[in-house]
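Each of the next two complexes has chain A plus one other chain: chain B in the first, chain C in the second.
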Partner chain A sequence: MTTIREDLTDRTLWAEFARNSGRAFRFMLRQDWFGLSMLALLTLFILGPMLNVFVWAFTATRIRPPAILPEEWGLRWWIATFERLDVIEGFTTSIVISLIVTGLAAVICLPAAYAFARMQFRGRTVFLLSFLMTNAFPRFGLYITIAVIFFRLGLVGTVAGVVLIQLVNTLLFMVWIPTAAFQGVDKALEEAALDVGASRLRVFIQITLPMVLPALSAALLLTFIGTFYETQGAFLIGVPNVKTLPTVMITLINHPITQHGAVLSVALWVPSMILLIFSQRVLRGGSLAAGFGV
Partner chain B sequence: MAQLTSPQRRINWVPYALIAPPLIVMALLIVYPASLSTWDTITVVDDNGGVRFSLEAYRNFFEAPRSLPNLIFTLQITVFTVGALFLACFPIAYYLRFARTPIVGPVQFLALFPLFVPGIITAYALLRFLGANGWLENILVSLTGWDGYVTPFPKASGIAIGLIWEGIPITILILTAGFAQIPNSLIESARDVGANRWQVFTRIILPLVRRPVLIVLTLNFLGVFGSFTMPYLLGPASPQMYGVYMEQLYGNTRYSNVQVAAVLMFLISSVVGLLYVRSIVSQRLEEGV
Partner chain C sequence: MAQLTLNQLSKHFGKVVAVDAIDLHVHDSELLCILGPSGCGKSTALRLIAGFEEPTSGAIRIDDADVTHLPANKRPTAMVFQKYTLWPHMTVYDNIAFGLKLRGLSKDEIKRKVEEGLELVSLSGYEKRYPSQLSGGQQQRIALARALVLEPKILLLDEPFSSLDALLRVRLREELKRIQRRLQITTIFVTHDQEEALSLADRIAVMNAGQIEQLADSSTIYAFPQTLFVADFIGEMNLFDAHVTGTGIQVGQTLLPAPDGLPADGAVKVAVRPEDLRPLGEGEQAAMTWTPTIETVMDLGHYQKVLAHAEAVGDLKVYLPKALRVDEGSTLSVTPTRYLVYADGAPPAEVKLTEQQGITQG
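Take a look at the complex of A and B:
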């Protein structure tokens, strides 16, 4: 092994390595030209805009066209952005509303999910599938008909109105994922515990709950994040009194100071990325698509 | 009588009580608003309080000069975006399923990446990247000296780009899930009896992914047709997509017009919505709900 390491320090070997990797690249290109061109295209189209936002967030002065990098880097605008009153208020509002919506969705949907998974009753399949209705409407068309009613009821511009409209999005996810989780629990384990004299409540808390907890927490987490970033419902119903962070972000998008939006984007996006990757691990493959009824 | 109330015949109400809350929420926040809007648009209330059938609201709506052009524009953008998304994602999903190279992993990561980016951040990022004096223009100018770049914002193409960016991951996810259900053995046995690549693709693979393809097309149609954020932030002031148009009518307190626009959207997308529900339902029933 040592000889290899020594060899690599040799200049001629480096040159050969470079030649070889060039050859390897050409080979790859012949073998997998489609994959490589997709990789290049997606990198530009998907990562390009994201990288651009990161650069803007750490730009102290400005990016003078046609330069690509800023004249001066720095964290100056992070402080300035988080000192903005609308950002602070928007953040609090968003957290509070998302917590309420997630809690409400859990209270409303989780018992239903338990019933769908563990009880036999007439019409079970039809009722379970009826939640697809939440996806079968053009979303904003539905929202605007809700808004017309909320206007008559005086719910426009109230937290209650925003909570209710955001609840629509959560139903399918909060019923279907927990239903699948409860169905996955091995009934034999529960029956065994009942046989040795455990009470129903104790079986639920000590056997059933721990087994469904990962999927349940993932569903709660995704509901929370989805609600936190939900934009059109909150914008339509909340304005002008209730401004969630995405609503504030709308006003910052074309703000003369580009960095405000960039800082907020980075700050908002990084935690959600970490949480979502975490929850994807908890949910077995493909469950993320369940929210789309797939 | 005694037989009717015997334990075997009695309905157990507990499960119904448990599933009632989310169903009630759905009835109040989906069925009721949609039905009420439909009812409001096809009736008028007389001076003496009587209700009669009338399509006056629709005539009134289409008298507004922008209603029809906006509707056509919305449909054009929707059809274009759904088609472009499908044409871009189908080969990638096919590649992700069948290719065996080290590039599959990175391509999949990039294709699913937008799933983790909230729409509002996407809009901001695209505006900076593709906008006037944005990164792409600057890169082109510095690398090639070519300064003929024209930004897609705020134009129809800008809306399509934003919606495509957003739609890539779920399209790929559904299509790869569909491709994944095709067993290798089936393809190998077809090869064994002498089928070439093209025959395998058209005779075996395509018929087996019909349902995921239908799901993707219908879901994307509903998503694009009923979108607001992307067209609002990236699109032109005129013509407008219906999401933006309705929001503006709503802001001008023209609620009757808003309801007509929404009901028109429901009508146009009803076939698509039904197809979507039907294909998911049949899939679920096969898998056992």
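Take a look at the complex of A and C:
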């Protein structure tokens, strides 16, 4: 603004205001076009394939190329897919392995999380940060080096091997979220319970645990989902004997009948979505971020 | 109905000495305040008594039992914390009943006691509320009820009202005193608020740097602070650097009468309460007169506080009755009527100056 303010009459002020706001509006519009086109592009890129899979999953007959939609809708392929022996086996294997991994992770990580939150010991912060290490390296490279060791130990192709490799993935969630949750419980609340005569065990069960339960269940849920859908590690260590559902899906993708893969994809997608929405509600308030603040 | 005795109690955190060999005896049904600035060790002392900290050395006795190494959940003490410590996942009823259930009381008995406790803190009918539905003051009253229903031998309070607003703090303080008098429960109240301590306590233990500087009732602490720290910490005080000469005590350009028993020579401190500086009337003369220039006048309701500066001695604080009109920038003549003289390592000597300038000593 080079004009001297005192020289401006009301009229010139308004003119300037109009000129400026016009410029701003045009700029906004230009920006908006850019934003809109990005939005459209992303929608196409993300929702497009998902919609396509949905359409395929509920196709009864088939889709003739110029048309986008099938000639007939139906659940025919759902029945066919879930009658496949490899799918049934994969589903059972996945459930069993996920349960074992979640249980083991809870047994290992929850006491560790409590210790991180409540005790001061040497190297505590470094130790806590070390759990980020598994996420700091390219996952697949890590798996291959582990696979080499597992091969020598005879763990490749066994349930134990798959469980072990999947445990690696759970560490971050199962340590950091509960640590943050335990830290969120004011020590004075525990002391108050101790003060009225409760034993340490009772304080933990009746005071501390109920207060961290939402975050703990979210961590368990995320671990279960994460394990259920984990593909790389399970594929690399599990072949050829142990096939989890995602591993089965990989083989189905190249299957001549597209619908098998599509049905399985939708079937796997829906429950994870529901669980993730649920866990997101529980994890409100940045409990993960609180873990970083140690 | 119980007594508490601390015997050479110490607590060290690494190299930091939080509590330094304190001796303290709390009588039956006494309300004792531990008063001190933050970091003086008062809270640590209370946590030692409650059993949340293990003492480095010394002993804690309640009546005739040595509880020094008893864990917190086995001690006959109950504590109200500075923070709000109601358990958020329990109702008010469950919060109060928690300790009673641990004692294996019958359901009816627990119900009766919870109701009694709520009535005691005037919150009857709040059983079904959750802590998040209560105000800060209500939460602290429930916390008090939770402690009282257990009928502890010693009630411990760690700055329980410090996070409440001033008005509520005063009201809860009065309520606490009333309850304490009714139940005749031996109580230790930790605070950094001297007004709180002066108004509540039967006796006050003033703590500084891990030690008890003075243990006495409110009026003694105010009138005869035993150490310079207490003199400065409790109430308002004019403190002057001075030195003893052959003829008296030289404060700035003024010579004050000296009490007996002072060393003939050396540095001392003279402490004058603002209310012990008497304003002189028109034309009135006194042997020791300071005529400071008034810098600030603060209206404190029932009296006014004047901050002034005199060439002869430096800054002065004076309390004046409201009837006396003074203006900032004008001068005021005052004469000391009573002061304490602190020589190094000795208890203070009191000097009272009468109207006729005669000297009485205490």
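Just so it is clear, the second predicted complex is superposed on the first by the 251 of 294 C-alpha atoms of A that agree within 3 Å, B and C clash if a C-alpha of one lies under 4 Å from a C-alpha of the other, contacts with A are read in each partner's own complex, and residues count from 1 in each chain.
Just so it is clear, a residue touches a chain if its C-beta (ideal position, glycine included) is under 8 Å from a C-beta of that chain, and two chains touch if they have at least 3 such contacts.
Quantities reported herein were computed from a predicted structural model and do not represent experimental measurements.
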{"item": "Broader residue contact with chain A after superposition on the shared chain, chain B or chain C", "value": "B"}
{"item": "Touched partner set for A:99, first chain B, second chain C, both or neither", "value": "neither"}
{"item": "Which superposed partner A:207 touches (first chain B, second chain C, both, neither)", "value": "second"}
{"item": "Touching partner for A:60 - first (chain B), second (chain C), both, neither", "value": "neither"}
{"item": "First (chain B), second (chain C), both or neither touched by A:75", "value": "neither"}
{"item": "Partner chain in contact with A:18 - chain B first, chain C second, else both or neither", "value": "neither"}
{"item": "First, second, both or neither for A:186, with chain B first and chain C second", "value": "second"}
{"item": "First (chain B), second (chain C), both or neither touched by A:195", "value": "second"}
{"item": "First (chain B), second (chain C), both or neither touched by A:153", "value": "neither"}
{"item": "Overlap of the chain B and chain C footprints on chain A, listed as residue numbers", "value": "none"}
{"item": "Parts of chain C lying in touch with chain A, wherever the complex brings them together", "value": "50, 52, 71-74, 77-79, 81, 83, 85, 87-89, 98-99, 102-103, 143, 146-147, 150"}
{"item": "Residues of chain A that touch chain C when the two form their complex", "value": "186, 188-189, 191-199, 202, 206-207, 210-211"}
{"item": "Chain A partner contacts - residues on chain B that touch it in the complex", "value": "11-12, 14-16, 18-23, 25-26, 29-34, 36-37, 91-92, 95, 99, 101, 103-104, 106-107, 110-111, 113-130, 133-139, 141-142, 165, 168, 170, 173-174, 177, 215, 219, 222-223, 225-229, 233, 242-243, 246-247, 250, 255, 258-259, 261-262, 265-266, 269, 273-274, 276-277, 280-281, 284-285, 289"}
{"item": "In the complex with chain B, residue positions of chain A that touch it", "value": "28, 31-32, 34-36, 38-39, 42-43, 45-50, 52-53, 56, 63, 65-68, 107-109, 111-112, 114-116, 119-122, 124-125, 127-149, 151, 164-165, 167-168, 171, 174-175, 229, 231-232, 235-236, 246, 249-250, 253-254, 258, 261-262, 265, 268-269, 272-273, 276-277, 286, 288-289, 292-294"}
